[in-house]
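Notes follow the structure.
Just so it is clear, A, B, C and D label the chains in written order, and each chain counts residues from 1 on its own.
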Amino acid sequence: MNAPEKLSAKDYASSQEVRWCPGCGDYAILKAVTQTLAKIGARPEKTVFISGIGCASRFPYYLETYGFHTIHGRAPAVATGVKLVNPELDVWVVTGDGDGLSIGGNHLLHTLRRNVDVNVLLFNNEIYGLTKGQFSPTSRVGTRSPSSPAGSIDEPVSAGLFALGAGARFIARGIDTDKVGLGDVLEAAQAYRGAAFVEIFQNCIVYNENVFAAFTDKSVAADAQVRVEHGQPLIFGKDRDKGLHFNAGSLTLEVIDAKARPDDVLVHDRTNPVIAQLLLAMQPPQMPVALGVIRQVAGTSYDSAFVASHVTQLARTKSITDVLRQTNTWRVE
Amino acid sequence: MNAPEKLSAKDYASSQEVRWCPGCGDYAILKAVTQTLAKIGARPEKTVFISGIGCASRFPYYLETYGFHTIHGRAPAVATGVKLVNPELDVWVVTGDGDGLSIGGNHLLHTLRRNVDVNVLLFNNEIYGLTKGQFSPTSRVGTRSPSSPAGSIDEPVSAGLFALGAGARFIARGIDTDKVGLGDVLEAAQAYRGAAFVEIFQNCIVYNENVFAAFTDKSVAADAQVRVEHGQPLIFGKDRDKGLHFNAGSLTLEVIDAKARPDDVLVHDRTNPVIAQLLLAMQPPQMPVALGVIRQVAGTSYDSAFVASHVTQLARTKSITDVLRQTNTWRVE
Amino acid sequence: METTAIDMQANNEAIVIRLAGDSGDGVQLMGTQFVASTAAAGSDFATFPDYPAEIRAPAGTTFGVSAYQINLGAGPITTAGDAPQVLVAFNPAALKVSLPLIARNALIVVNTDTFSKRNLSKAGYDEDPLQSGELDRFQVVAIDLSRLTLEAVSEFGLSKSDAGRCKNFYALGVLLWMFGRDLETIERWVEQRFKKSDLLKAANLAALRAGNAYGETAELAAAVPQYRVATATFEPGEYRGIRGSDALAFGLAAAAELANRTLMFCSYPITPASPLLHRLAQLGELGVGVFQAEDEIAAVCAAIGASYAGAIGVTSSSGPGIALKTEAIGLAINAELPLVIVNSQRGGPSTGLPTKTEQSDLYQAVYGRNADAPIPVIAARQPGDCFDVAIEAVRIAVRHMTPVMLLSDGYLANAAEPWQMPNMADYAPITSTPYVRDDAAADGASAAFRRNPETLGRAWIVPGQADAMYRVGGLEKDIATGNISYDAENHAQMSQLRADKVDAVADFIPEQSVEVGGTSGRLAVVGWGSTYGSIFQAVRGRASRGVSHIHIRYLAPLPKNLGALLAQFDRVLIPEMNMGQLATLLRDKLGVDVESLTKVTGQPFMVTELEAAIDDVLAAIGAQHVGTQNERT
Amino acid sequence: METTAIDMQANNEAIVIRLAGDSGDGVQLMGTQFVASTAAAGSDFATFPDYPAEIRAPAGTTFGVSAYQINLGAGPITTAGDAPQVLVAFNPAALKVSLPLIARNALIVVNTDTFSKRNLSKAGYDEDPLQSGELDRFQVVAIDLSRLTLEAVSEFGLSKSDAGRCKNFYALGVLLWMFGRDLETIERWVEQRFKKSDLLKAANLAALRAGNAYGETAELAAAVPQYRVATATFEPGEYRGIRGSDALAFGLAAAAELANRTLMFCSYPITPASPLLHRLAQLGELGVGVFQAEDEIAAVCAAIGASYAGAIGVTSSSGPGIALKTEAIGLAINAELPLVIVNSQRGGPSTGLPTKTEQSDLYQAVYGRNADAPIPVIAARQPGDCFDVAIEAVRIAVRHMTPVMLLSDGYLANAAEPWQMPNMADYAPITSTPYVRDDAAADGASAAFRRNPETLGRAWIVPGQADAMYRVGGLEKDIATGNISYDAENHAQMSQLRADKVDAVADFIPEQSVEVGGTSGRLAVVGWGSTYGSIFQAVRGRASRGVSHIHIRYLAPLPKNLGALLAQFDRVLIPEMNMGQLATLLRDKLGVDVESLTKVTGQPFMVTELEAAIDDVLAAIGAQHVGTQNERT
C-alpha cells in the first residue's frame, strides 16, 4: 500500500454547507479542528466525530470523516460503545453546555470517571443556542432568557470543576477564536490516551453575545487570561508581570507582582489536583481565567482495560457448539 | 391549638414490617434517623421522605411520615418539585450508590448545584444490593460480581468529590453503625438550609460484607478515621497522636505526629474548598477516612430563590380574565 | 420586465397572503400587524408562521427564508390557506421557495432592489426570474422597496441599516392600501412600540405612510386591483387574536384558577414545545411557577413531586422528550397523582424534523408505556381550542387522579386566529375527591386511598396534612392502604381499577358530535387534532352529498357513542398527518373498518388534497345513497 | 397427629412437585438436582423457581419463602404444572404459602422440627396445622428432618449450622426414593461440587444416602407410595437442561458466531433481565463483550455505538428500563442500524411487581415510540426456544438494518426444560447488504445508503472503511446520502421506507403454523410468548372438538397468512397475561374479531383455567360444528 498522502485542513471539510449563524464562534472551532487534524495527519476513515443535539452538535456533518449526530446528551455513551468495539478509532465527542452538562451530565460523568479514550469538546456558550436562547446550566445567575424573564436563579455548574469531581484525568480549556491556544489544546487532547475533556469558550452571537468578553476581548485578554504550562510558573499580564501565588495560610490563590516576587509564583503541576481545583475555580474579574492543559495524569484507558478484562480479548476462541456442552448432557437414542 | 406532644423515636416508625436482610446496615441508619427526628422534634406531617429504587430506597415505607418511593435515580427531581410547591416541608432524599450515582447522577448533580433545600442521604454500600450484587459506580476496581466475574475495571467515582465538583455547599459523611457520629451529621444536615449531601458508609452483609472494614472495624477505627470539626485541628488516632498536615510544597496532606508538631496540624475550615477536596480524597490505609461535616458554606436555597423569582411569589394576584385582556382586543356587537 | 396587469377578482370571500423574506426582514412583525388591521376590519383569519430550521441562516439563502401566511375573509376561516393568492417576496430566495406554493395566477410583490447577481446566485437562480419569463403567468408588482424606504426616511438621518430596517413598514403600507385598510390601528401600535425612540417611531410611521401613498399613486393603482375582502359574522362579544401555544398557556393557568391551586410547570426546552414554556414564564401573576429542569425526566419528576405536594403539576415536551418521560408517567399512574403532559408533536422518528408538524405521537400517547398503563388522551384542534382543552386536561387529571396526555402539534403551537374571550363564570370549578378521615381506621394512610366510586379518583392528600401520612410509590400497592403488595389478587384488582378509571372518564365527557353534515350518511371524514381546519373546509361543500366531518377531541377513552355514530356511515375516511394511527385506535377500540389518508411530509393537509380524496371515495361508492341531513355548521 | 395413608395413583403420566423453604434451606439446589436425576431417568420436565421478592427476608417469614416447582413425566411437558401433587415444606411458612396452591389430595412432606411456636407465629399460624386438622384432606408425611440430618452427619464433626445445611440433601434422598431413582447422578455431582472439601462432600453424601435409606425403611414405605413416572419419547439426540435466560444468552452468542462479528452486550441490571447479563458475562470465549452502563439510556446508546462500529449491539432490560430506551431506539431506526433490544417483561406499571411475570409490554414494543417508528417484534415461548428466537432477532436486525425487539418475560427467564442441542450447521450464516462503492458517486457517503431492494437493509459500513465516510444522525436524512434533509417529499419517502422495511420482514419469515388442532375449526386459541405451555396443554385434549392452538412468534410484522388462517375459525380466543394487548394488535392489523382472556396476577395461566375458559366458549357456540382435523402435535 502507498503511504497515505498528506491532507490539508480543507480536505477534512465535508461538502455540506455550514449553517451556523454568521459570526458564530463555532466556525472558528471548526477551523481549529480541521487544522489540528491536518497537523496530526489524522486518517479520515479512522476518525469519528460523535455529537448530541444543539448548534455545536451539528459539527460532524461538516467534516469529511465518519460522523454520528446522535440524540440530546447521549454522545458520550454512543462514543463509549464505538470505542469498546474498536479502540483503534480516534473518537471525538462534540457537545454543548446544554447537551453535555444538562441532559447529558450523567454520561459525561461516567465517561470521564471510566477514562474512555475519547476527546470531549464541550462548546460552552452559556446558553441553549439551538432552541433559541434559554439559560443553560452554565448560565450565570441573573441571565434573562425566554424561560427566565426575571433572570435565572440557578447557580451555574463549572464545567471544569465538575470534570475534576468526576475524576477526569485530562482537563483543558481554550477559546473559540484563539487559534493557537485552541490548536495546542486540541493536539494535546488528541494525543492523550484516556478521556480528554476540553472546555471551549464559544461565543453565541445571537443569544449570548460577548458573554466571555471580560476575558476574551483583545483589550483585556493578556491581563485576564493565564495560559498554564506544566512545570512553568503561572505568570500572565501584558507585561508578564503578574503571577499566581498560593497562600498557604488561607489555602487560596492570589495575584502577586511576578517581577518583584518571582520565587513566590506557583509553578504549574498538571498532576496536582489542588492546583487543578484552584485554577479551574478562578473567575474574572478578580482572577484571570486559566487556559491550556490544566490537568493531565496518566491512567489506564477504559477501552483497553475492557478488552483486557475479557478472557480472550474479545476474540472468539470457542464455538457455541462446545460451550453448550460444558454442562450435564444426556443422549437419547 | 395545643402544643404538639413530644414524639419518641418509636413514633416515627410506620407499621410496615422492615424487610431488609438480617444484619443489613440499613437497620442502624433507620434507627439513627428516627432518633434524629425525635431529637429535633420533627413534625411527621411536615416531614417527607423521598427515595428512588434499591434496598436503601425502601426507607420511606418504614417511617410514619409522608413517604414517596419513586423510580430509580429520580428522587432528587421529585423532591425538587415538592420543595418548589411547599418550601416549608422538611424533605429528605434517600438514595443508594447505584440510585444516586449511577442512573441518578445527573439529578443529584443539578439538585446540589441548585442548592435545593433537601437532605440527601446516600447509602453507599459499593454494590447494587436490590438487584443481587452487581458492581456499582462506587465499587473498587477488581470487584467480582455477577456482571464482572473477572473483576470490575471501572474506576469508581468518589461520592464526596463528585458532590464537591457539583458545587455542593454541604458535604458530610457518617457510618451506618456509628450512632453518635451519624446522628450528629444527620442533625447538621437537617439544620442546613440548602442541599445537604450526606454519604453514609453502609454495610451490605449479603453482597459486599465488610467492604469498609479497613476503617470501620472497631480494631482500626480510631487510627483509620478522622472526625472533622470546624475550627478544630484535624487530629485522630487511638491516642489522638496523629494529625493531618498540609504540605505547602507538594500541596498534599500528610500524617504527622500531632503531639510532636501540634502547630503543624491543619485546622479544619469547612468553608475552604481545598480542604474539602483534600479530606474527601483521603483513602485508607495510607490515610484516614474523613467523617463528619466536611464542607458547609451558606448559600441561598433554590426553593426560596424560586419563590422570590416569581413576581408575586407564586400568589395569584390577577385573574385569567384580566390577563387575557392585556393585548389588542376588539368587540363584535 | 414589465408589470403585467391581470384581471383579478376584486371581491373575495377569502384570500390567502404570504409574506416571505430573510429572517432580518421583519416579515413576522409585518404579518402580525397586517392581522391586527384585519381583525379591526372585521374579517376572520388564520395565520401560520413558517420559520427557517436554522437559527439565523446566512442572508439571502433559501434555507434562511422566514415566511408568514394569512388566510382572511368571511368565516369560518379554519386554516392558513392552501395556495396564496398574494405573495410579498423580499428577496430572490423568498421568491424561489414560495413559487411552488402559490396559486396559478397569484399577485407577486417583489423587492427588486434585492435582485442582485449575488443574491440571485445565493438563491440558486442562474437567470433573473424577473427577466426570464418564468413569472409570466403571475401578476408581478415590482417595487424598489429598499430604495423607496431609504428615501422615505432620509430626513431622519438614521444609519443606513436602521433606515433599511423600516422596509417592512413600507411594504405593510403598500399592503394595507391594496386591502383598503386605514392606517390607524397600525399607527397606534407603532407609537406604543417605539415610545422610547422618537426617531424610530417617526421613521417607521413615515415608511408606513409612504408605502401607503405609493399604492395610491398612479404608479400602482393602474396595475393592481384593490381587494375587498368579506367580513365575517362573528358571535357578538369581545375578541382577541390568539396563538395556539398562548391559548394553551392561558388554559392551564385558567384551570389552576378554577382549581384554586398553584400551577407548577416543569419543562425542558424543545422545539416546538418551548413557546408554551416561554409564555407561562410570563404568567407569574396567575400563580404560575415555571421550573426549567435539567432534562425531560427531571421535568416530569418535578411535576409529579409538585402534584404530590398539592399543585397542578404540568410537564411539556415534544416526541423525543415525551419518550424519556414515559417511565415516570407510569409512576404517576401507580401513585394515582394528577399530572398533565403536553406533547407538541413534530416530525419524527428520533430528532426527525423539529420545525415541521406531524401528528404521529398518538400511538405513544395511547399505548406507549410499559405494562398496562392506560391514561386519558385529549387533543386540541385549533389555536383557540387549546384553551378549553387545557382546562379539560387538568379537570380530568384532578377529578380522576391520573396523568393526562394533551396532544398539540407544531402547527397549532404557532398558528393564530381570532378568539372570543371566555367567560370564566361558564366553567365549573375543578375539584377532587374530598379528604375524609375515618377515625376507625388504624392509620391515616388509608384516607389517601378512598376513591370516589364514580370517578375512581382518590383523595388528594398532601404533605402537611396532619394524621393522614401515607406512603406510596411505583411498586404495586395495596388497594386500600397504598403499602407494597405482592398479592396476586390485589394486582388483578389494581390493574382493573386502572383500566376502569380511564373508562370512567367517558362518563364525564360529552358525546361525540358531528362538525359538518348529518349524523349518518355515505362518508364520515374523521379527524383529530390540527387537521380540523382543513377537514372542515373540505367537507363543508360536500355535506349535501352525504359527507360528514367528525372530529375527535377525546381519544382515550373515546366518547361512548362514537362506535354507534360511525356505524351510521357507509364509509369512514381518516385523514392524518401520520401513517395511520387513529385508524389503529378505532379498529382496536371500536372494531370499525376505516380507510386511512396519510400525509407525512411535515406539512399540514391542503384543503384541495382532502377534497380530492373525498371525491375519490364518493366516486368509488357511487352517487346513489345520501344520508340524513343534519347540518350543524 | 397421625400420618394418614391415602390411596394414591402410583403410575403417573406426569406429576408436579413443589419444594418450599427458607432462602437458606437450599431448595433451589435440591430442585435442580432432582431435575438432573429426572433427566437421567428419561422423563420430560419443566421447572420454575419462585424466589422471594426480598433479597434475604428474615428466616421463617412467609415473604421469605423460596420455592421450586417441577412438572415431570411423559412429554410434552410444557409448563411447570398447575397444582402440585407433592409438596416438600421445610418450615411452617413454606407450608402456609404453598397450601392454597397444591392439589386437593396432595402428599405433603413436612420437616416437623421447624414447627416450633416461634416459627408458627412467624408464619402467622395461631394453631399448629399439623395438629389442627387443617391438613386432614392431604396425605402428610411428617419427618424430623433437622434432627435426622444432624444424626446422619454427626460422625463428621461439622459445626451445627454446617451440619444443618445438609438437610436439603437428606430430603433429596427421601424424594429420590419416592420416585425410585438411583443416587448415582447426584452422587457424582456432589463429588464434583465439593471436591475442595472432603468433609462437606462426605457429609452431604451421607445425608443423601441416609434420606434415601429412611425411605426404604418400614417407617415410610408403609405410608407412602413409590411413584412411577412415565418417561418421555424424545427425538434421538443430545440433550441438556436449559433455563430461558441462558438459552437467550447462548442464542445471542450463536448469532454473533453466525454473523462472524463481536457481540457487544450493553445493559444495566434490572429484575428479571439480569440473569441474561450475568450469563453473557461468562461467555467471553465466544467473542462476547459485556458492558454494564450507568443506566438504560447509556446502555442502549452504547449498543448503538457498538453496532455503528460493526458489532452486534444488543441491549436488555425490563419494562421500566425499556421505557427509558425508547428515544434512542428511534435513533437506531433513523440511522438504520441493527440493534436487538431484549425485554424480559415483568408486572407493572411503573416498578410494579419486579419478581412477577407478565406479558404487558407488547403495546410498548409495537407502538411505544414517538412518531411513526415501526420495528420488528418477536417473542420467545419456551426456555429452549429463546435460543432460536435470539438468532432470529439478530438475523432480522442485520438483514434489514433495523432495531428488533425481542420479548421474553420473568417466567421464561427463570424456567427450565430439557433441550436438544442445536446443530449449528443447520443455521444459515447471518449477512447484511454488501458494501459496493460506486466510483461515479461524488462522495463515499452514498455507499452507506445503498439498500437491498428486497430487505431494504442498507450497507453496514463501519468506521475504518476507507473512502466511504458518511455522516448520519437522528434528524431526517436524505434517502440517498444520509445528509440532513428538510425536504417534504424526502420525508414522505423515508417514512414509507421505514414502514416498508418492517413489512419486508414478512417476506422472510415462515408462515404461521398451527401448534395443535386443525387449520380451521370452531375455535382458535391464539397466544404469544410464555403462555405457550399452558395453552398447548389446554388445547391438546380439545383438538378433536374443533379447537386449535396458534402461537405467534412474529408479532410485527405478523406472518402474511395469519389473517386468512384465523378467518377459518368461528371464534378466536386470546389468552394473555395482560389486559388484552395482542387482541389490540390483531384487531388493528387484521381487522379480526377476537375475544380476550386476560390474567393480570403476576402468575402464569394454569392449564385448568384455560381449559375452563375454552369449554365455556365451546358451550356458548354449541356442539355442532367441527372443523377440519389436522393434528400436528
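Annotations for the structure displayed:
Everything that follows uses one rule, which is that contacts are C-beta pairs under 8 Å (C-beta built on N, C-alpha and C of every residue); 3 or more make two chains touch, one makes a residue touch a chain.
Since this is a predicted model, take the numbers as computed values, not measurements.
With every chain reduced to the mean of its CA atoms, the largest distance from chain A is reached by D. If you compare B-C with B-D, the chain pair joined by more contacting C-beta pairs is B-C.
Centroids of chain C and chain D (each the mean of its C-alpha atoms) stand 47 Å apart.
With centres defined as mean CA coordinates, chain B is found 29 Å away from chain A.
The mean-CA centres of chain B and chain C are about 45 angstrom from one another, to the nearest whole unit.
Annotation: 40 Å between the Cα-based centres of chain B and chain D.
Shared contact sites, meaning residues of chain C that touch two or more other chains, fall at 63, 284, 290, 294-295, 320, 327, 330-331, 350-351, 473-475. Counting partner chains per residue, chain A has residues 53, 71, 102-103, 105-106, 109-110, 137, 148, 150, 306, 310-311 touching two or more of them. Residues 14-16, 44-48, 50, 53, 60-61, 63-71, 74, 77-86, 88-89, 106-107, 109-110, 306, 310-312, 314-321, 323-325, 327-333 of chain B are the ones touching chain C in the complex. The part of chain C that touches chain A in the complex is made up of residues 54-59, 63, 268-271, 274, 277-278, 281-282, 284, 290, 292, 294-296, 320, 350-351. Of all residues in chain D, those touching chain A in their complex are 36, 39-40, 42, 189, 234-241, 250, 253-254, 256-257, 262, 264, 266, 283-291, 293-295, 297-299, 301-311, 313, 327-328, 330-331, 335, 421-422, 424, 442-443, 462-475, 483-484.
By the touch rule above, chain D contacts chain C in their complex via residues 53, 63, 297, 318-324, 326-327, 330-331, 333-334, 347-356, 358, 360-361, 363-364, 366-373, 473-476, 486, 488-489, 491-492, 495-496, 498-499, 578-579, 581, 584, 587-588, 591, 593, 599-603. For chain B in complex with chain D, the touching residues are 19-22, 53, 55, 71-73, 102-103, 105, 128-132, 134-135, 137, 146-150, 206.
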